[in-house]
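Input: structures, listed below.
Look for subunit A in each of the two complexes below; its partner is subunit B in the first and subunit C in the second.
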Partner chain A sequence: MSEKKFIMGNEVMGRAARAAGAKALYGYPITPSSEILHFWSGEACGEQGRKEGLVFRQAEDETGAGFMLIGGVLAGARSFTATAGPGHVLMQDAFSMAEAMRIPVVAFITQRGGPSTSTVIYSQSEVNLTCFGGNGNGFRVVYSPSNLQELFDYGIKIFNTAWKYRFPTFLLADGYLAKMMGEVEVYDPAEKGIKMVPTEAYMLEKDRKRPLSEVVPTPEIDIREDGGRQYECLRNCLNLEEETYAVNMEIKEAFDKAAPEIVEHEDYGPQDAKTLVVAHGLVSSAVRAAVDALAEGQDKIRLFRPITLRPFPEEALRQAARGAERIIIAESAVNQLARFVKESLYGHCDTALEEYFRPSMGILPKEIIDLVTKA
Partner chain B sequence: MKEPFKIIASGEGGQGVLSIAKIIAYAAWQQGFHTIYVPYFSTEKRGGVSVAFAQIWDKPIPFPKFHKADLWVALSQRAVDRIYDYLHDDTVTIVNSFLVKDVTRIKKWKPYEIDATTIAKEQLGKPRTFNMVIMGAMLKFVPGLSQEGFAKALEKTFKDKYERDASLRELNEQAFNIGHDLVK
Partner chain C sequence: MPESKPKRATKPEDFELALPKCARLSSKPHSFCQGCGHPEVLKALGFAIDELGIQDRVAFGVDIGCSLLSWDYFNMDSVETHHGRTIPTMVGFHHANPEGVAVAYVGDGGAYAIGSGHLLNAAIRNENITVIVVNNAVYAMTGGQEAPTTLPGRKVATAPCGADEYYIKAPEIIRNVNPTAFVARGITSVQAPLRTIMKEALTHQMEGKGFAFVEVLSQCPLNWKTLDKPEKTFEVLEKELAQAYPVKRY
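Moving on to the complex of A and B:
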């Protein structure tokens, strides 16, 4: 039943996974994401969790956890992990494999300061890593929630996106969102008419509703026969450049096809504002407040916020940028969101882009207001 | 309210400063406000200055951190020395004077110096109640928050503890009232 609670962001994400019907968490604790694991271990050890067969596994490290997660998905369990910073770096090996084989792993990322161990608090500097980590081409889905409620809403949604489109899917939060407490409405997705996309084993079962050939790139499936039975073997180690090329192009084709259905953005504020501010995640909440504060005066601004960073809402941004006399990119990192903006607007927009980069620092509404009014 | 009301509780790790901010935020939420609480957290578990941020508003709160507090509480000397940067001209400041001996740095804010530790030990016979004394004092300055509403929030927060030991409820009430009355 729907209920309003006063809880911490990490618990919100744990509850979202539970509401989505997730069965297994494989992970290794790291600040600021650890309470997601605490919450899940509590659920898994509880009476109800035992009855349902919930799985909680703490691996020896994040590399192990990442591959265990792949194992859970291959067995058909709605599985996820949670990590941050250096742990997130370690998990890229497994995430690359998931990207290569279209394995719908789900991960909650709570960005902390970087580079390296750095601070355990806050930044937006895991955008590159989440979107493009590993040695692939970034065929992943990445959502960037801007408040506690969205941690829950999108925390459910990522499981459906992952299993419907079969791409690694991420909820990219940050240390403040993870650790802050506030009001959240938690609910059973069915109450809101949200149907959970069914999961299915990649291995172990013969009859699949969705044949693997529809999902896994052709060169990675090897069909063998033994004693009159057919076995589908998966491989991510390829012999030929041509095979690798085929794998990449098949993934690209699938991603390009799915992208228009997945992509999401928020366009907030007066459409006649001359200044467009591009921000994502928690920073966009601050910009939203600045939009409200400036709504009545001469210095009206409009917020463009990508909700999905991958795929990026390129076309929507181009439209929003049309007619803007100033475009400001605000992020708690250096050139990570801005890179997407530049790529999207290249050749489509003559307005100079202003950068407001504050790596690891929060961005408050007043800073945005000052940027606009004191220029 | 034009702006969110901003609170900082600071002290040593283990003193319960996070709980102070969390309980006040929770109480305000129970009374229908939008509230956000966020702890400052670092790699150390003990021996560090502990800081918590809480905001209360009648609208959704745009960002969990802030630069200047409206109500600022310091429970240790180090907290005074390190966290005073978060004060604006009109910040209300409260210190536990048993642990904060030197208020020179924050003199111009005319801090309320409350010897919560001695009160807790001598008047209440339970040193841990010093936080409740401090919260009693703090509540005088939080706009829109009623004492009854705060008591209700305490009931929920300490449900398990009160069930185990009902005398704790009365003790907390006493501590709260002492703190509340000390601020004129």
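Moving on to the complex of A and C:
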């Protein structure tokens, strides 16, 4: 039953995974995401968790956690992890395999300062890593929530996106969101008419509904019959350049087909505003407040917020940019969101792009208001 | 009468009697190098799986390096992982599907160098999986570099002046951190006991007793540079390696 709770962001994400029917969390403690592990380990060893067979495994490091996660998904369990910063760097080893073999891993990322160990607090500097980490081409889905409620809503949604489309899927939160407390409506997705996409094992599946050959790129799967049973052999080490080309092109085709169904954005504020501010995640909440504060005056602004960073809402941004006399990109990083914006608007927009880069610093509504009114 | 020359096995059906039932005939001859020990290890494992009747229950995880060539050796569900990462993959798998028999098949580089943290901690946590490590005392697929198992003074691609003084004795370490695990070291040249060890390891896991660890001493004629001297290959295997690494249960 739906209820309002005053809880911390990390607990919100843990509860979202629980509401989504996740079975397993494999992780390694790192600030600012650790309370997700605390919540889940508590659930797993509680009476109800034991009855349901919930799994919690603390790995030896994030590399181990990432590959345990892959193992859990291969076994057909709705599984996830939570990490940040340097731990997130280590997990790219596993995420790269998941991307290659279309293994629907789910990860909650709580960005912290970077590069390196840096601060444990806040940044938006894991956009590049989340979207394009590893040695592939970035065929992943990345949601960027902007408040506590969205941690819950999208914390459920990512499991469905991952299992429906079979791409690694990320909830890219940040340290402030993870650690802040606030009121959140928690609910059973069924109450809202949300059906959870069923999972299916990649190995030892007894009742396969969707042929694995529809998911795993052709050169990476070999299915054979023996004694009336089908055996599935999966590989990611390929012999030929042509095979690797085929893998990449098959993944690209699947991603391009799914992208229009996945992509999301928010367009907030007066449509006749001359200034468009592009921001994502928590920064977009600050911009939203600035939009409201300036709504009655001469310096009206409009927010364009990509909710999915991968796939990026390119076409929607191009439309929003039409007629804008100023376009400001605000992010708590250097050129990580802006790179997407430039790529999307290249050849489609003559307006100069203004950069407001504050790596690892929070951005307040007043800063956005000052940017607009004092220019 | 002149002795008839044995027929060389080239077609899948030629291998039928010599191979376990769970082996995939159409992928034979296997793709390992001439004289490699891996097929001997896989045969022992396969016969043990046949005896236990668990072909359709095994999730076979294979590492990167020569071990990856075993991905299509059997008619069993299998997955190639990344270098050193097979153990955590199978740990994750086992927790999500405790009915499956999770087997990690790894080389000595994957298990004892890049994946050593995973191996050690899986043993400490007494994870209910079976780990089989093929120890040929060298990084083979990448071109004969020094491994943590390379014997002192041996000249290899990345130790042209001779390998380091110390080397890893993994079963001894595993026993030290886990008093209840199944731990044994076998050797490719003595097949029957190797098959028994494999069966015992799998049974240990299937009975829910926790971590089962088998190291197998194996030959690499290519990187040992004994391709044209089979007797030398077995001298190195049975004298040098087996002397440094005792073949026994721990």
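Convention: the second predicted complex is superposed on the first by the 366 of 375 C-alpha atoms of A that agree within 3 Å, B and C clash if a C-alpha of one lies under 4 Å from a C-alpha of the other, contacts with A are read in each partner's own complex, and residues count from 1 in each chain.
The working rule: a residue touches a chain if its C-beta (ideal position, glycine included) is under 8 Å from a C-beta of that chain, and two chains touch if they have at least 3 such contacts.
Not measured: the values here are computed from a predicted model.
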Is the arrangement of subunit B and subunit C around the shared subunit A a clash or a fit after superposition? fit
Looking at A:246, would you say it contacts subunit B, subunit C, both, or neither? Reply first, second, both or neither. neither
When the two structures are overlaid on chain A, which partner does A:32 contact: first (subunit B), second (subunit C), both, or neither? first
Contact-wise, after the overlay, does A:180 reach subunit B, subunit C, both or neither (first, second, both, neither)? first
Once the two complexes are aligned on chain A, which partner has more residues of subunit A within touching range, subunit B or subunit C? C
In the superposed arrangement, which partner chain does A:262 touch: subunit B (first), subunit C (second), both, or neither? neither
Using the touch definition from the top, say if A:70 reaches subunit B (first), subunit C (second), both or neither. second
Looking at A:121, would you say it contacts subunit B, subunit C, both, or neither? Reply first, second, both or neither. first
Determine the nearest approach in Å between the Cα atoms of subunit B and those of subunit C after overlaying the two structures. 25
So, in the complex, the side of subunit A touching subunit B is made of residues 6, 31-32, 119-121, 147, 175-176, 179-183, 282, 285-286, 288-289, 362-365
In their shared complex, subunit A is touched by residues of subunit C numbered 22, 24, 26, 55-57, 59, 61, 64, 68, 71-72, 74-82, 85-86, 88-97, 99-100, 102, 117-118, 120-122
State the interface residues of subunit B toward subunit A in the complex, per the touch definition above. 22, 25-26, 29-30, 34-43, 60-67
Within their complex, state which residues of subunit A touch subunit C. 23-24, 26, 55, 57, 59-61, 63-77, 79, 93-94, 96-97, 201-204, 222, 224, 226-227, 229, 231-237
